[in-house]
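As written, the chain order gives the labels A, B, C and D, with residue 1 at the start of each chain.
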Amino acid sequence: MAIAAPVVLDVRGLRAYLYTRWGVVRAVDGVSFALREGETLGLVGESGCGKTMTGLSLVRLLPEPAGRIVEGQILLEGEDLVTKSESEMRHVRGRRVSMILQDPQTSLNPVFTIGDQIVEALRLHHADGERALAVRAEEALRRVKVAAPEQRMRAYPHQMSGGMKQRVVGAIAVAGEPRVLIADEPTTALDVTIQLQYLALLKELQARTRLAMLFITHDFGIVARMCDRVAVMYAGRIVETGPTRTLFRSPRHPYTEALMASVPRMEGSVTRLPSIEGQPPPLHALPAGCRFAPRCAYVDDRCRREYPPIMPVGPAHEAACWRVEPSPSR
Amino acid sequence: MQRFILRRLAQSVLLLFVLALIIFALARVSGNPADLLLREDATQEDRAHLLRALGLDRPVHEQLYLFLSGALRGDLGESIRYRKPATEVFFERLPNTLQLLPLAMVGALVVAIPLGVLAAVYRGTIVDRISGAVAVLGIATPSFWLGIVLIYVFSIKLGLLPSSRMGGPSHYVLPAITLGLFLVAGMMRLVRSSLLEVMGSEFVKLARLKGLSQTVVIWKHCLRNALIPVTTLFGVYFALLITGAIVTETVFAWPGVGRLTYEAVIFRDYPLLQAVILLKGIIVLGVNLGVDIVYAYLDPRVRYA
Amino acid sequence: MARVEERIDAGFAGSTAADESALPRPRGDLARMPWVSLVIITVLVLVALMAPLIAPHSPTEQSLPDKLRPPAWEAGGSTKHLLGTDVLGRDVLSRLIYGARVSLIVAAVALLAGGGIGLMVGIVSGYLGGRVDSVLMRVVDATLTFPTILIALLLAVSLGQGLQTIAIAITVLIWARFARVVRGEVLAVKARDFVALARVHGCSHLRIMAVHIVPNVLNTFMVLLTLHIGFVIIVEASLSFLGAGIPPPTPSWGQMVADGRSHIASAWWLSVVPGAAIMLVVLAFNLFGDWLRDWLDPRLRQV
Amino acid sequence: MRTWSLLALALSGLLVAGELSSADAAADKDTLVIALDTLGAQVMDPIMDTRAPHAHYHAPIWDSLVGFDLENGGIGQGAAERWELASDGKSWTFYLRKGQRFHNGDPVTANDVKFSLERVMSPESISSGAAALRRAVDRIEVVDDLTVRVYTKGVIPQFAASLSRAVFMEGSVMPKKYIETVGARGFRDKPVGSGPWKFVRSVPGDRIEYEAVTYPHWRGTPQFKRLTLLLVPEQSTRLAMVRTGEAAIASIGPEAVKEARAGGMKIVSVPGTMQAVYQFWGLYRPEAKASPLNDVRVREALSLAIDRQQIIDHVMVKEARWPMPFAAFKYSSDMTVPRWEDWARTALRYDPARAKQLLAEAGHGSGFKMTFWNTALPGTPFMVPIGEAVAGFWEKIGVKVEMKTVEWGAFDPMGRGEQKGLVGTASMYRTAGRPEPIPRYATTFVSKGVQHVFGDPQSCPALCVDADKAYEAIVAEKDDAKRTAATNRMIELVAKSWIAVPIVEGMGTWAVNPKSVGYFKPIPGRHEFGDVTERMPRPEAKPWP
């Protein structure tokens, strides 16, 4: 991976909270990462760790009226999205940042045809006539390998399989040739064979348009295949980031270590898969100090008192844990 | 789709048969029309003659047989008061009611949808609470009282609108408002809840992701989905309106079938009462079936089900 | 098609069995209780209970010479009759107070009877499903198509007018609405896993219905109760207008509004006072019902 | 949004349709518009409507064989100029006016009268007086074109009167040739009569329109070109229509008089249209033996307890008069009116002290319980408030009244047959404004009568026997003086029994817009204006005083 590729998206100290009846949910509690052009960053963690909320914050689609970005910057090619007005954000969504959601079954409007929904996205970016837009839409469908696009245009969502629908969603996502694509567990709802095809399709799209991709998932198999770099999230914060291979081979944060241990290996005998005791802390009642402390094998009282800052532990490899000795950063 | 319609028709026929039996019995329990037609000093012999003239002297089971066999042939007997076929009396008055119902419904929709959308979009805030209260006003005011106050204000005091009866378009305004207002609360609440549900779904996020504005998302994508249940409610509301019409038609001297139903009850006009209930039942069931078909048209998921 | 059924019923009851990921609630504004409605409701219940103590006059005591006296604050009004007197010189305020009792009794009887039947039918029909369900639902549809006012009129003229007739008439109509909504809820609850779990443990149908189904359906039932109190009072008023309401001398709000309607210009308070009372009470119960529905809405329990 | 366009289309279509439906006839000056609370069966055929008060929509089209005494109510000249009773009292001869014509030009002849009477008596007819006519008429003979003789079964002194709309509506004159050509259905669709107004059209449940005849008419030539009777069931709506000028006249109840005056409308009250009474049922029956109501002193006390003047002033808002004895009015025939006016003033006075004293004498000083059925007959809804006021007065002298308010349709059947629910109870009732009281006495007091409050043929105590004897004396009596004495005897018998007691004499009340119709006087006793519309002047011709 050429290190020299320019940073497309730079997220610094992002905090996004949800104000609910039971207190403030600190879904995203100080997340920072950078995303380079043509690169795929995996955002990994157990469900409820705030990864989806992070994705939604980037496109400013936190659930109204509860969600609000309270701190931090989201620099898209230097422009901070946090301070943009809603109408300005409308020009960003779809054109410069786009997103694929998890469940294809509900991602498409059931009462409009596929063609309508694609054309609607295209119309925002191209000032062509209806005829030309329809052609573009068919072209988009062909690009995501949907068979017989002409008939498909007139079909309704409920007449298509999950896999096909997710391709349509993909087509819509890239219709505006965005610079950044956020994929929030796009294949979780699909069965395995379709999953692989879809991932290959995403790779191909990325290669063709050089777009940067943030891939949100809890499936390490996908991380290994898709992502150049990985950021592990726990209880609203990134605890470790680094190149995929490094994290798989030599994780430094106890949580990443435990996660890697619980991934079934092809080679070697598999007895009982180790699991991590306890539960991730509820996001509206977070303990002081390191949030993994209650479940960490190497915990000491310092961990419980003070939250460890993220420290470099290797080439483009950082971790937020007191055990980690600082090593010469690059 | 054909199988669905056939099943519904079969059910409707069964329903109408049960309805016919109930109304036949209930009408006779409520008294005898002869007592209302005779003068105070009519003798028992006069009563016997009148019963014979009205065909009420036959034993009940024979009357039931005549009624049911007649109904199959479409002859629902002759109205005791109007001395002409009950179906004729009903269809003479039906157009008057049918001219009023759609206006009341459209009026209710025109008020209910914006209120519902406002309540959903600004859910939990004061706007939600106020639009809820405004909608509930429709249920909270007895419609006859509303009608009379409207007449007093708009025709007596301001002289803007005619006070009652049928006539040019200005005659439709007050009755339509009186009839439609009490629908607003139910409609508004449904629009609100179904819109909230739709707003929570994924494709709304996707629409926003496309870069569509909030208003386009709400008014195009969400409302279209949210309105589906509202149209299916048309059937239920149509039935509500036909009964609600009794009060409004009385206040505004509107010669509709609502008023006719009330008269049939008060005068114990068995044949007319039976005919009105059955024909209204048929219309309501027909409208419900029609609405379900329209619903299928609106919601593609159903169309090919 | 079933899915739509739920949504329609939701429209009536307003409780949506929406999917879990809907919007979490902002803290603060909705948590506030609908104080205004609660105050009105408690005042109403207190007034109805202590009617004999607080009513200045007996509701049926006539004094013809001072008939149609305006409320105290108007010219010609006297503090002896704060809200004026009616055509027979009876005190409007006292009749309003006793009328509250009548309206609440009718509402209570009709709702408990109608609601109770509806609840049972709804649960049985929802839980058993199959032919039982479709037969019961056809009966429900039949009752819903029956015109409300007409049944009440027919019962009034056959059984004789009175409190019990109106209560019966409304019960006959209300149970169908309750049954339909409760059935929808039961279907939703039945789909949840813990019911299947209970079956696995060998619980009898009856126990499951009582222990598992009823508590979950109760909140919708509560919401329906509050929303229908308004419906009952309005039906009573419309019946009085058609001459089949609660007969004199029992004071009832509906009858007062109906009787007062021909005095709109000369004695406005005769129909405006009870009319306002009806509006206030129905508004209070509906807003309370709406709040109750949102508060009990399953969606809001989890974040 | 397809749905929106559909809805908008429906809305505009309907509005346009509304526009074309019916021209708004209310505004123009040449049309006399009357708003009524009922149009009865709205069947344009005299033998098809049963309630006498509904005759107001037949009256404009059809003349009656015997007419009205316009000044003080009762009977007068009609289509027949004069009539006489044969010496043996068994037949009546009617002499028709010359030159009368039906609307289709056919002349009115004795054949039409014979045809009309026979048509009223035909099995098909359900008009409520038909049965009485069938019992009375033996045969009808056409003497010449303008003379017809009716033979009656036995002597019936009031036979001629019963053919006047002052009494019932069985005397309508119908066109024989026309009906025989177009048939009953054709006659009902395009009715023809000899009255001052021609039929234009009838919109069911909404209105009936008439057009004035163009030739002078003996009942009076109409001042307006058109007459429209509107059905407006809701009283406050009728009131609103008169105030806005959409209607010239509207029928209202006494409770709306204050409202009407407040709106600047004139009030026309038709005197002696009805009598609100209360009566006790089946006191002679064994089940009612123990009831305190069996003591005449208690019954008299109940009458003395009622302040009739307060009911007249407050409940009826002065739109009522002091009553005469049961079913008697100032225009009644066969009775000495002045004597009974004095009796009514003294006997029906308000004397609570005497009432309490009488109750004490009867051993009920501490009061007793009784059931009182409060109801209102069609057309007189104010009977219920009167009943409530009466119950209020009884409560004041210690009587605990259990009042049961019942809709008329449910109450009327209880009064027939064995009267199970009514024995030993009191109820509100009404006597209609009729010139002869005796037929109404037969209904209530004679043992064979429908209500038989004194006694039934099986058990007929002394009072019942006296009443039957008094009634027989009147019916068969040809000599006027003797019949009057016998009638007075019957009235006294009933008055002293205190079993059926008049409360107030009701009036028919109308609200009139002085800018739409000129000053006119109603016919006493006739609530409806069917026979008055032809004499209503235009507002500019005769302004209101």
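We take it that a contact is a pair of C-beta atoms (placed from the backbone, for glycine too) under 8 Å apart; a residue touches a chain by one contact, two chains touch by 3 or more.
Note that the coordinates shown come from a computational prediction; the quantities given were computed from them, not determined experimentally.
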item	value
Chain nearest the global centroid, as defined over all protein CA atoms shown	B
Greatest separation from subunit B - chain, by CA centre	A
A-B against B-D, pair bridged by the larger set of C-beta contacts	B-D
Chain centre separation in whole Å, for subunit C relative to subunit A (CA means)	50
Mean-CA-position distance for subunit D and subunit B (Å)	37
Whole-Å separation of chain centres (CA-atom averages), subunit C against subunit D	43
Sites on subunit A at which at least two other chains make contact	65
Multi-partner residues of subunit D (each touching 2 or more other chains)	236, 263, 407, 409-410
Shared-contact residues (touching 2 or more other chains) in subunit C	23, 25-26, 30, 157-158, 243, 261, 264-265
Residues of subunit B defined as touching subunit A within the complex	124, 201-203, 205-214, 221, 224-225, 228, 298-301, 304
Interfacial residue positions of subunit B with respect to subunit C in the complex	11, 14-15, 18-19, 22, 26-27, 29-31, 124-126, 129, 132-133, 136-137, 139-145, 148-149, 152, 156, 182, 185-186, 189-190, 192-194, 196-197, 199-201, 228-230, 232-233, 236, 239, 242-244, 246-247, 250, 261-262, 265-266, 268, 277, 280-281, 284-285, 295, 299, 302, 305
Residues of subunit A defined as touching subunit B within the complex	56, 59, 61, 65, 86-87, 90-95, 98-99, 101-103, 106-112, 120-121, 124, 156, 158-159, 169, 172-173, 175-176
Subunit B partner contacts - residues on subunit C that touch it in the complex	1, 4, 7-8, 10-12, 14-16, 18-19, 21-23, 25-26, 29-30, 138, 141-142, 144-151, 153-154, 157-158, 230-231, 234, 237-238, 241-243, 254, 257-258, 261, 264-265, 271, 275, 278-280, 282-283, 286-287, 290, 294
Subunit D partner contacts - residues on subunit C that touch it in the complex	60-62, 64-65, 67-68, 87-89, 156-158, 160-161, 243-244, 247-249, 261-267
